[in-house]
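Common to both upcoming complexes is chain A, partnered first by chain B, then by chain C.
And now, the complex of A and B:
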């Protein structure tokens, strides 16, 4: 086939992305460096504002806590699932997959019902006489973390089950015969083998939780903004498009830095596995 | 031993599964309650909230446009994605890595930023109507799935089969349609399903690109929740869960049991 034709097949996709993704991105980036006193004026202003720093800090904290909890809950669950019989394992995987494919609004809405002032949890605690007045659970940072964990735990489990299926149980048996306790087996045998999958899961969950909009919007309310809800508020409620662009750029840079760090660390782990 | 009889693993596994399923179960139950605000446990039993879904034009219109956009965006993504993958995997293109990065680059941009950037450029600067802007946004969402899934299946397909057809006199396009396409159809169906589901469920991109004249279902629910707390949303959630279940069944029928559990969903 002629050389020109080869590129013909690539052009629609390449052009589509350049015109509709990269160009608009540059379009919103330009005003952030041209409309201030100097090119980085708007950014320094943003990073000096206590309120905005608080939003960045909240965004990163929620993503970090979410990632840690999904690993802590996901790892034992994935191990448990991978050790079931094949048919049972398939059934469990379908149960895990169902929430992933269900709309995020529906999944967060469930937690509004549970965490609300007259919600399921408050009613239950009051019925048990554990509390006398309803607790404020909804519209807090904790609510956002709970919602994010609920949203991303299935993704973490799916990622970890694939890796846990590949573990060789005979190595664990050998260790057990030699007197290793379960916790030692977990730390010395299972964790090192599953480390790359845990990092892959962490990348998916962290970047997802950091940029998610629906969960902080529905469970955080207006007083607990994260970067994605701040972008929307600045752009659509306050009409301050330049500020929204600044936040968007900071969000992209932060997520690229975090992804880069995690990938770099994964690369190091892979090398270690290769050398072993 | 950390086998399936280990009590700690079993306990955590059962609790986690219960925590994943129970919240959705509560939503199902609340959709049948008779009280005008959501309560749990419910008093009485009614199907009125299901009927109420159809009285909300935002939901009915939103469902239609979400369905249309998801179908069109997935088809378009295949239409421009598959040729690109074919060129990248079959021809010796020097800038291969560069193109790969370009095609997957939308996944590196947070969806909310894509939505905002498209709103600024397409809707404000170019004065494009909302509908085509939405389609473009959802196309950007879908394309990386096509590129990733179809690339991996093209790499597994032996190029010699196609070459054999050429030497026997089959034209290139005919060889593609009769030999390559049937061999990669599983990945094409999988990519289509993933694109469809992700587009249908998407919020951050649709958020900036909808308006009073152009509803999308997920954002319509989001708007409704701002002012209402009645079981209509529970009922609609149940309908959407049934929709998800049908899609999963369809995936299983089209792709086999294994596909459901091994398909990368993010």
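And now, the complex of A and C:
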């Protein structure tokens, strides 16, 4: 096929991206420069406010902790699943994806019931006499992390299972014959081979947790705002669309920086595995 | 550099049929012994039990006088080359080869010296900084071999290492394996289903069938004197004539025919066997006569499937004088080529 024709084939997709992704993005940016105020002042004002910095910090922390926990829980699960028989493996993969099939609001209400003052968990702990007064679990950062882990763990596991299924068991056996004990094999042979998948999973979970709205809204409440809930509050409660746009722009830029770093590192690993 | 002794190895998975029955084998120091057999014969299972990747149900494995039957795989001090080569994809050629030495906690200087030397021996020096994905199949094979040999193993185990290579490379690689094995005097067990491959490089061959050794002998001995019908079939004997009695001490009864053999007859013989190229075509009206039903061209000869008074026979004939399908073919069975088998 001729070169010009090949570019013609790109037009539908390119139009889709411009109309549905780029155009809204520009629309978000526009209020921050057309509001009459000095746009740079709008951003510096936001980044100098202690309250807003706290929200940024909370957002990044929750996304990071969620990512780390999903990796720590997802890896052993994925390795275990990949070592089951094929039919059992398929069954488990469906089970893993099950939470994704329920509505996000419903899922978070389940956590409200579990974590509330008179919730399932507090009642259980009190019944066992492990605590005397109910713990404050709901409307905390911890609650948001728990909800986010629950939300994103299936994505992490699915990504890692794909990678773990592709591992050649003879490679692990080769290491064993050469003197590697099981834990050494995990550290030196399995993890390095799965590193690209771990990073892919981390990118998916981190960007999801950074921008998730329902979970922090329902489990964090108004005292634990993250950037997405702050945007909503600015725009819908306070009617301050300019500030909402500023927060949105900062969120986009922060996400891009972190994802860029992860992608850059993945690229270094890919070169090793895929051949330059 | 060690002797290997397998004594009454048996292996059963769960409640299934046994994979190995009572398998015993002695391999002398510095020898290359092949385990030859079709898939499912238990040859790879045997190799994996020796390596410690599988635990036998019963029986013992000794290297020299040390019983390693219950020693975990990572303490056995053996080396293995896998069918898929199993190179570490995240490590360079150098680091792949160095892996076993690193696990033995050798000093950096020693590791570098040994790896450099083996890369030289295997002709991989220029590829040291490449990753496995950047190598051809033959090069990957050499890395796998270097990685296995650099640790100076007591035993080298090869699991069908040539089956993923193309025909020409396979011949070159098997000679390379033999050269290195002789040079380093490493006792080697070589698993294969290819008889030509194993005859070419082995000191001795153990032919396996359904978890048992049918015959364990030098390649020449197996080629000329297979002891069982299974071994004979596996190494290219195509004609098996059922014997139903002897005629004096010089002939057997096959159907209603009498077939003369050289040497005294064995009363226990059950079949007579002969290779297609050992049957001689004879001029018309001499010897036995049969009718050609199938003719295939082998390049060096025509192979005829012939309906004869002795049953259906495979007979090779010269390409200069082809015999048409349906035409009669006259042949004789040379008495000194017929081999009586007892089982």
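For the reader, a short list of remarks on this structure follows.
Here is the rule we use: the second predicted complex is superposed on the first by the 241 of 276 C-alpha atoms of A that agree within 3 Å, B and C clash if a C-alpha of one lies under 4 Å from a C-alpha of the other, contacts with A are read in each partner's own complex, and residues count from 1 in each chain.
As a convention for this text, a contact is a pair of C-beta atoms (placed from the backbone, for glycine too) under 8 Å apart; a residue touches a chain by one contact, two chains touch by 3 or more.
What you see is a predicted model; the values in this text were computed from it and never measured.
By the touch criterion defined above, A:179 lies against chain C but remains apart from chain B after alignment on the C-alpha atoms of chain A.
For chain A, the partner touching the most residues, choosing from chain B and chain C, is B.
When the two structures are aligned on the shared chain, A:193 is found in touch with chain C, with no touch to chain B.
Legend: residue contacts after superposition of the two complexes on their common chain; A:65 is shown touching neither chain B nor chain C.
After overlaying the two complexes on the shared chain, residue contacts for A:255 are found with chain B alone; chain C is out of touch.
Of the two partner chains, chain C is the only one that A:171 touches; chain B does not reach it. Once the two complexes are laid over each other on the shared chain, residue contacts for A:12 go to chain B alone; chain C is not touched.
Chain A residues 173, 176 lie at the interface with chain B in one structure and with chain C in the other. On the chain C side of its complex with chain A, the touching residues are 51-53, 73-80, 82-84, 86-90, 99-100, 103-104, 131, 133-134, 147, 151, 157. For chain A in complex with chain C, the residues that touch the partner chain are 168, 170-171, 173-181, 184, 189, 192-193, 195, 272-276. For chain A in complex with chain B, the touching residues are 1, 6-7, 9-10, 12-14, 16-18, 20-25, 27-28, 73-74, 76-77, 79-81, 83-84, 90, 92-107, 109-114, 118-120, 123, 150, 153-155, 157-158, 162, 169, 172-173, 176, 182, 185-186, 190, 204, 208, 210-211, 213-214, 217-218, 228, 231-232, 235-236, 241, 244-245, 248, 251-252, 255-256, 259.
Residues 1-4, 6, 8-10, 12-13, 16-17, 19-21, 23-24, 26-27, 30, 38-40, 79-81, 83-84, 86-88, 91, 93, 99, 102-103, 105-106, 108-114, 116-122, 125, 136, 139-140, 143, 147, 172, 197, 200-201, 203-204, 207-208, 218, 221-222, 225, 229, 233-234, 237, 240-241, 244-245, 247-248, 257, 260-262, 265-266 of chain B are the ones that touch chain A when the two sit in their complex.
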